[in-house]
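Each of the next two complexes has chain A plus one more chain, namely chain B in the first and chain C in the second.
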Partner chain A sequence: METPDQIKSRLETAVPGAKIEVLTNDCPAGERSLLVDPAHVLAVAKFLHDDPQLRLDYCSNVTGVDWPETEITEQIKVKQVVDGVEKEVEEVKKTVRPGFHEVVYHLYSMELKHGPVVLRQRTVNRDAEAPAVSLTPVWRGCEFQEREVFDLFGIWLEGHPDLRRILMWDGFKGFPMRKDYVTPDDFEYEPTPHDKVLAEARKHYPPEVKA
Partner chain B sequence: MNAVTAMSPKNYEILPKTSKAGEPIGELLEISMGPQHPSTHGVFRMDVVLDGEKVVKLKPVFGYLHRNHEKIAENISYLGSMPYTDRLDYFCSMTNNWAYALAVEKLAGLAVPERAEYIRVIMAELTRLQNHTCLVGFFVQDMGALGTPLMYAFREREKILDLFESVSGARMMCNYMRFGGVRCDVTPGWLEQAKQLVDDYGKFLDEYETLLTKNEILLARTQGVGVLSRELAVNASITGPMLRASGVNYDLRKVDRYGIYSRFDFKVPLGEHGDTYDRYMIRILEMRESLKILQQALRDIPSGPVMDPKAKLRGFRPKAGEAYGRIEAPKGELGFYLISDGTANPYRYRVRPPSFINLTILEDMCLGHRIADTVVILGSVDIVLGEVDR
Partner chain C sequence: MIDEGLRSELQKQGIYTTTLQELYNWGRANSVWPLTFGLACCAIEMIAASMSRFDLARFGAEVFRPSPRQADLMIVAGTVTKKMAPLVVRLYNQMPEPKYVIAMGACAISGGPFKQGYNVLKGIDRYLPVDVSIPGCPPRPEALIHAIMTLQEKILNQKLTGPDRPRHLVEGAPSEFPVPAYGEHDLEPSSNPQLWQPPAIKR
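Our next item is the complex of A and B:
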């Protein structure tokens, strides 16, 4: 099968204007993935599905990944003039990488029996309104998995025919697979609460039994 | 529309108030089958809209067993998830273990010793045997063959579970495989016991088939029911026996040749019509192929260590990166997708559950059939709710 770089160069001629990047993967047997911008991902997916050399007719796995805002600290050497003499001084540089969501697709070909090609798309930020694009119109197998991505990560997938919660119940608030999700303080009656449970349970007692 | 409006429950309405032409519909009936229905194999619900007895709409509803397995795994070590994978598809804990071990081995670049590879194949094929045997039992039970075939299946399954118990200490939650091998070697005499079981299993299958395969009721209830076309099966990511019943030759044991499957001589049975009967028959034929693999594996198994000496169980920290490992589990392609950030816990841990994705086309298969047929069709999909809901 073609390498991600070859696919990338062919894609750039087939889908004009698409921003495609090949991401590295340091794991020994890992596949490098193609990062495509959400505006062109549907056209890219159609090309990958129909192209006679690739024929990626089978979308095996769809999943979301949450990357919250992180501070990256690097040590860099800066040339400074100290007392008239030029010196190399080490400085700690802090950069903030803005948070985003990622949707990952693992594509295989059942006809030609090769794969995988890993396709990714990233949202601009972690708001629920920042959309990614659904690939269910190309691969029907994405339908439930993309619903799960929406349900657990809160990534809105534009163009999905039936995007609603799938594993959590309809009235549920929040998206549990996000890294910053806090489990609610669910109090269940325990006959003999102790330690941490007792402290949490006390918050739910009516005022007269608080002592 | 944004995410907030989509979360409101009134977004979802199954019963159409008017027909396409705009006239009000008075004759349709909405039935909620499940979650406490004996034929739904656990807590699974189907919202069915009926016109007389004919299904005009069907939406699967699940999540009753959801415990966010993936989030739990992100908060414990790599090894800590191994016993948890047993609980996904609790019929096939051995293959769940293998899929997870395979993904981690890919992530960390571990090798598996020869003997452990053979043991894994033996365990996986025994799992396939007992899963398919029970599935056929449940399937005919749903059709109304109360008791007898299922009890025959459970009698045979128990013999396999006895083998699992003697090697791993547990009947169903085996927790047997490790990254870079298996937890312990098989007990003395175990291989002979397994050989005995494999030799006798063919006779049981013959007996089972005499009861079922040409049974008039089974033929009438399954042939031409729930037909799944080849194109739809591929497009909807259907895997496992369901896909092969539709005539697509795609078995990961042949395609990926993971483990040592390239050494064994076996065939991949394929269906012609893609109906419920084909799905039943594929499973019977797959069991016979599994027996062939088992005979070869039990004949050729070498002696030696069962763990990679370089594999670290404690303080296991794979380098940053990501890997996707998949195997042919009895229900379809079971995959694990892992992202490591260099710490002791996975940054992202994803299970690709075959029976969850195989439910995508449940509605397409049931439309136009009678309500009694949906039970048969669902039975042929082979779902386990521990895996669907996770």
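Our next item is the complex of A and C:
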């Protein structure tokens, strides 16, 4: 199968204007993925699906990733003039990276028996106004998995035929897989070996009576 | 009541005596019909128990009924999610008296490994009166058979009169239990206080 770089170069000629980036991966498998901007992701998906060399006709997995707003600290060397002498001084630079959502697709070819190709798309922020694009029109099997991504992460997928909750009930508030989801405080007395649970449950114990 | 010694003496002569209570309980205990429904992996063990290798039919409990109207026993086999819990309670309400509940496996008893999750009910005993609990994850089919035998023993020892009589013979005792509603994060109410209270802390 072609490498992500080869796919990228072919995609850039096939889908003009598409911003494609090959993301590296630090894990031992080192599987690289294609990051595509939401405006062109549908055209890119169609190409991956129909291209005779790739024929990625099977979307095996769709998942979401929540990236909350984080402060990145990095040490950089800055040249400063101290007492008329130019010196290199280390400075801590803090930047705030805005939060965003990511939808990850794992694509295989049943016909040519190769894969996976990992496709990612990112939203601008974590609100409903910044949707990702649904790939259900290309791979019909994405429908339920994209609904799950919507249900648990709150990623609105434009073009999805039936975007409703699938695992939680309709009146449920919030998105439980988001990093900032606060689980309901329904702890009670229980003997447990889990320190975190015990600490939460302690708050519900009756106040200790001192003799 | 007939004297035990006389009864055994009569039996030797081929005369069998019994009481209505014994006959009634014997009939009930040996025809416990479970409701066909499984919620998670425990259901696979329940299916295995009903098949030929473990043969639940030996205990008169092989007729898994496809309708709650014909079932006596609800085997809560598996994880009860908060989304599923109202439906389980509704199924129980649709069963005719006398009816029994077996909580099968860690999840049905307490939520099991998913107890601190946002979507799993912390035990079906919060909404339904459980007769027998089977620990295990999942319990072996033998454990389910043991639970059925325990339930049979419980039925056989029930007295039809007096204050300890079974619920279905008590005038005004509830046969249906309130079905919880879906709230914003949890079920409302999160338990039935008449059936379940949080465990008291002892110091």
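Odds and ends about this structure:
Heads up, the rule we're going with is that the second predicted complex is superposed on the first by the 185 of 211 C-alpha atoms of A that agree within 3 Å, B and C clash if a C-alpha of one lies under 4 Å from a C-alpha of the other, contacts with A are read in each partner's own complex, and residues count from 1 in each chain.
We adopt the following convention: a contact is a pair of C-beta atoms (placed from the backbone, for glycine too) under 8 Å apart; a residue touches a chain by one contact, two chains touch by 3 or more.
Please read all numbers here as calculations on a predicted model, not as lab measurements.
Counted by residues of chain A touched, the larger count belongs to B, out of chain B and chain C.
Of the two partner chains placed by superposition, A:105 touches none, neither chain B nor chain C. In the superposed model, A:47 makes contact with neither chain B nor chain C. In the overlay built on the shared chain, the residue A:26 is in contact with chain B alone; chain C does not reach it. In the superposed model, A:61 lies in contact with chain B only, and not with chain C.
In the superposition on chain A, A:206 makes contact with chain C only, while chain B stays out of contact range. With both structures placed on the common chain, the touch criterion links A:153 to neither chain B nor chain C. When the two structures are aligned on the shared chain, A:197 is found in touch with chain C, with no touch to chain B.
Residue contacts after overlaying the shared chain place A:169 against chain B and chain C alike. Judged by the document's definition of touching, chain A residues 167-173, 176 lie at the interface with chain B and also at the interface with chain C. Considering their complex, residues 167-174, 176, 181, 183-184, 186, 188-190, 194, 197, 205-206, 208-209 of chain A touch chain C.
If you check the complex, the residues on chain B that touch chain A are 2-4, 6-9, 11-12, 62-63, 66, 68, 70-71, 106-109, 232, 234-238, 248, 250, 255, 318-324, 326, 333, 335, 337, 339-340, 348, 350, 352, 356-357, 359-361, 389-390.
Note for the complex: chain A touches chain B at residues 25-31, 57-61, 63, 65, 104, 106, 110, 113, 116, 118, 128-129, 139-145, 150, 152, 154, 156, 163-173, 176-177. Chain C meets chain A in the complex at residues 82-83, 116, 118-119, 122, 182-186, 190, 198-201, 203.
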